[in-house]
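Paired with chain B in one complex and with chain C in the other, chain A is shared by the two complexes that follow.
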Partner chain A sequence: MKALLRSRPLLTTLVVLVVWIVAGFASPGFGSWPHLRYMLELASVIGLVGAGQTVVVIAGGIDLSVAAIVTLSTIALPLLSWSFDTTGAIAVLGVLALSTLVGLVNGIGIAWLRVHPMIMTLAMATFLQGLLILMAGGSAVTLDNPIVAWLGSARPFGFSACIMLWIVMSGLVLVLLHATPLGARFFALGANPLAARLSGVNIRATTLCAYGISGLMCGLAGLLALGMNGQGYVGIGDPYLLASIAAVVLGGTSILGGRGTYGGTLPGAVLLVTITALITVVNASPGLRDVLFGTLVLGLLLLSGREAKRR
Partner chain B sequence: MMPSLYWQIQWRRNRRLTPLYGVVLLLLVVYGWLFPGLFSRAGLAHFTQSWFPLALVAMAQAILMLTGGISLAVGSLVSLGAVVAATTMGATGSLVSMLLVLAAGLATGAASGAIVALLRLPAIIVTLAGSFIIGGLALIILPRPGGMILPWLSAVLAGNNPTVLLGLLILLVLGWKFYLATPGGIALYAAGENPVAAYRSGIAVEATVIAAFAISGMLCTLAGLFVAAQTGSGDPVIGTTFTLNSIAAVVLGGVGFLGGEGTMRGALAGSLLLTVMINVMFFLGMPPVAQYIAQGIIIVVAVALPHLLGRRLAP
Partner chain C sequence: MTSVSLAARDVSKAFFGNPVLRGVSIELRPGRVHALMGENGAGKSTLINILSGSLSPDSGSLDVGGRTASSLSPAEARQAGIAVVHQELSLVAHLSIAENIGLGAYASRGGRIDYSALAVRAAELCALVGLSGDLSRPIRDLPLGERQLVEIAKALYRNPKVLILDEPTSSLSARETERLMALLRRLKANGVALLYISHRLGEVMDLCDHVTVLKDGVCTADQPMAGMTPDEFVRLMVGRDAGDLFPAFESAARAETVIDVAGLSAGMVQDAALTLRRGEILGLGGLVGQGQEDLLLALYGAMPARARTATMLGAAGLVHSVTAANRRGIAYVPADRKREGLLLTHSIRFNMLLPDFGRAVSLALRRTSTERKLTDGLARLLTVKGDLSRPVQALSGGNQQKVALAKWMPQNPKILLLNDPTRGVDVQTKREIYLMLRRFAQEGQAIILLSSDTPELVHLCDRVLVMREGNLVAELPHGQVTEESIVAAAMGVSPAREAA
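Take a look at the complex of A and B:
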């Protein structure tokens, strides 16, 4: 019982359930299935970005370029469309390959050039920001890819396609982290890079994998965001930087690396969307909304993200 | 004995930064060659104005990184300083308004420092959430660009005379030297290098971190005041670019992410390098978009280069 109460993923899930139940009674319509489903759809984008972020943070790094990669994949999709590609599958694969490539470049900079993750990914974000304005020219991109449109709006059996995709990817990431040698290497690398190297872990390849996965997940998240919005524009990915890091830490993963699980990021993502929904209900000015969001996230992090005492 | 030891340490610190000084000097020469007006009084004034806010936020970021922290709220603090200055100056006069700007930075900085040090949340998370809170506060104070800065203050800070700014910079550097000579300054490096050892040697690590955050916040809002003086009014989102640029400048200046490693002169040289780089790119007629791309590449190359060269030199 005590061990269960100490489990952060479980605690975060409980917080989400309590907030849903209280808000459901306080505001009619909040607890209805379409509204809950809508929140889960929004959370699936954060959850996918958070999946990559979880892997990177567990491996002892951080990815500050997620927002830029999400935007990149929405802007790049129409550019990769050809007339013979009627299903849009090639474009989708091309976008996923492109975003993975960006992640791999991050990994190369960090593993081979020994640039600090924060600098490497921030510089990548700056680089992409310029590239994106160049590609999109400040105008919005309209969605014309059938697969992405289906992903964003289809609801087979009343259950959204994007939530299903999220569930499948969650399963894969959980298995990868906790049941494969690569996952064990991520944890080893994050806990103590020197010890990991001395135990025969290939540091460079492992780092490369972590950032590659993050890039891939951001690419997927970007496609979902595009599918839901119907439009891609520069800045569409911006909310996902803080959201992904907050979801990871809310889920009990240590920002210092080596400890955590994607199982915590899942309720963390849902919690963030719930907070945003509640703030929208309050109907505040944009400034007050930011203050409320930051304060609530900070307050929740105080519950779950504190590091151990020094002595 | 003491003075000679002091200069020995200074010499060793400068020697590590020699390549950086060289690159800065080289770029300055290129800049002066492209734009001969740099050496006139007005040219120098404009160059100092483009450097000054970045120098301030680089100092703000360096203090935190020396303690092993980092701030992602630099940009929103700059915005906060700008809007506080622009909204209060008309009603209260310039002196009170400047004091309010400094107090705002001191208070928000100390508050984030207290959360980091006393409640044990990692600095990166606190300042990331803090950037929303502080940026939101700036939007509440001044929802859209407006307010005003007294014309004489704009003329003094952003006119055609660089003396005031350079004087302010020298004052700040002297202040930093003085701070380093006090127990608080020594504690800053000790707390960053090894907090446990510092704590067991009787250093108040928590107080040191809170002081660093407070000073850092004050420098950021001061930069905001200056940016507002430059434009003559306040803008609630004007500071956004300063977060990345402050980190880039400090890292270019050789300050380490783990704390206790690096120097303020390095951070200042890094900010100078970044400013000259941006100015040269602007002068070569590169569109702002290409500047982003070039900046991203240059930062990575500049940070990776010492490692690549070092590996070649050392077997």
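Take a look at the complex of A and C:
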């Protein structure tokens, strides 16, 4: 019982359920299936970005370029569309390859050029944002890709396609982290890079993999965001930077690296969307919304997310 | 009754259940130079740390300036005028000499550091310890010997009543040493109580008035220096019943050469040549920090290195990454297991599997049952008891070391590079590790054993190489090697390298 109570993924899940139940009674319609489903759809984007962020944080790094990569993938999709590509599959693969490539460049900067992860990914974010403004300017990009449109709006058997994609990806990430040697290397790298290196873990390749995975997940999340929105624009990815890191930490993954699980990031992402929904319910103005969101995230982290003392 | 500046009475200290000090007493008096002697790992550093407030003893008491306390805090120790010159230097590399000397106790004027007062005082102290030149130079530009002098000046800046010096001359030249000796005599005349730790017997017998000898955490002598002979010292310090601790020596060396390197340079190491044969245990000795570690790291591919010619395990050339070394069958066990060897917060099982994770196919699924069988087998072999999902830091130092060593066994390495594998390990575990090494050698593995524990080199190794200032200065085959010959070579007393 005590061990269960100390399990952060479980605790976060319980918090989500309690909030849902209380809010469901307080506000009619909050607890309805369409509304819950809508929240899960929104959470799937945070969840995917959070998946990459979880891997990077466990491996002892941090990825501050996630928002920019999400935006990049929404803006780049129409640029990679050709007339012969009627299904849009090539464009989708192209976007995923591009976002993975950005992640790999982050990894190269960090592992080979030894730039600190914060500096490297922040510089990458700034670079990409400038590039996107040059490419798209202030104009929005309209979605014309059938696959992405389906992902964003289809609900086979009443269950959203994007939630299903999230579930599948979650399973893959959980297996990757906890049931493959590569996953074990992420944990070893995050816990003690020196000991990991001397034990034969290829630090550079492992770092490269972590940031590559993060890039790929951001690409996927960007496609989902575009599919749901119908439009892509500079700034579409912005909310996902704080959200992904907050979801990771709320889920009990150590921001210092080496410990954690994606199993905690999942309820973390749902919790963040729930908070946003509650803020919307109280009808706050746009500026106040961000103030409230930031305050609540900070409050939650103070309650549950502080690091236990480590020796 | 004579006054006592600082005394420890009947103090004991254990780390993770491994006793390091057992009922040790020591009394420092004003105007007396007290020597503290003992082998590596005898408990000297722990005793110093207790006297200076860095560690609390498990039992016993401390007397400071007429007051008795069960332990000291670092702040109380500073107030009582206790200063320590540490062996591992505690200077801030990017601050200047003067800033380092005054660090933490700057004179201030109107809330700002009084740099002119600091400069005057620092210049005085530097003249005293014999350090010349510009005092605004950052520490990182200074050679090791001068840093040591800054460290001493820093201790003097606080006008200590008790001055503890841990191996202060290990990196000083003869002239600098002489000057330091004169300074210490002056301090003694001024009524400072001095505790002096050194491995240099001549220095100690010359300078000190009283001596305490530690052996395995127990005090074996506490007496005036007058009348002590070098032989007596050695008897008090070593005098360990070696036959009991070490397995009988039996060479398992075979003809096949696994390492043949010439002209190897890496870090401190200059132009080293060595060979290693299958089943051989090659010792690597010398004073601490003479480049032995660099040599191991170079052979492991963990440090940039060049060699004129190199053949390792049949393949030409040095290895240039740890991954490549592992692939070729070379394993390394670091000295600092907490920092370099283990993932402390991860489970014993995870640590045992780590080398395998490093090599296994990235996306292959792990098999829990296979992992379990493997780690359970290792645990039985190591006699590590209990739940293997506990974090490895829950184990005693000795057991941690066994995990750090045994995690390589499933990889079947052909060469084991061991960096002081018995440092801080209890006697029982030492014995187990020695037996493991013998068995590895009999199975045909080649071992390089870097050790700061001289008896180990004497009793376990087929040959012993001694390093001094980055050079291999002696090669002593088993049978000819004695603790005395190793120490003599390490200190540069012996003639040049013997038959290679």
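Some notes on this structure:
The definition used in the following text is that the second predicted complex is superposed on the first by the 308 of 311 C-alpha atoms of A that agree within 3 Å, B and C clash if a C-alpha of one lies under 4 Å from a C-alpha of the other, contacts with A are read in each partner's own complex, and residues count from 1 in each chain.
Just so it is clear, contacts are C-beta pairs under 8 Å (C-beta built on N, C-alpha and C of every residue); 3 or more make two chains touch, one makes a residue touch a chain.
Just so we're clear, the structure is a prediction, and the values are computed from it rather than from any experiment.
In the superposition on chain A, A:Ala196 makes contact with chain C only, while chain B stays out of contact range. When the shared chain is aligned, chain C comes close enough to touch A:Val175, but chain B does not.
Using the contact criterion defined above for the overlaid structures, shared-chain residue A:Leu288 touches chain B, although it does not reach chain C. By the touch criterion stated above, A:Gly109 is placed in contact with chain B alone, chain C being left untouched. Shared-chain residue A:Arg185: touches chain C; no touch with chain B.
Between chain B and chain C, B contacts the larger number of chain A residues. Once the two complexes are laid over each other on the shared chain, residue contacts for A:Met120 go to chain B alone; chain C is not touched. By the touch criterion defined above, A:Ile255 lies against chain B but remains apart from chain C after alignment on the C-alpha atoms of chain A.
Judged by the document's definition of touching, chain A residues 310-311 lie at the interface with chain B and also at the interface with chain C.
Per the touch definition, chain A reaches chain B in the complex via residues 62, 109, 113-116, 118-120, 122-131, 133-134, 242, 245-246, 249, 255-256, 285-295, 297-298, 301-302, 305-311.
Put simply, chain C touches chain A in their complex at residues 300, 302, 321-323, 325-326, 332, 334, 339-346, 350, 353-366, 393, 407.
Interface residues of chain B facing chain A in the complex, by the touch rule stated above, are 70, 115, 119-122, 124-126, 128-133, 135-141, 143, 195-196, 199, 205, 236, 244, 247-248, 251, 257, 289-297, 299-300, 303-304, 307-308. Every residue of chain A that touches chain C in the complex is listed here, in rising order: 175-176, 179-182, 184-185, 187-188, 191-192, 194-202, 209, 258-259, 310-311.
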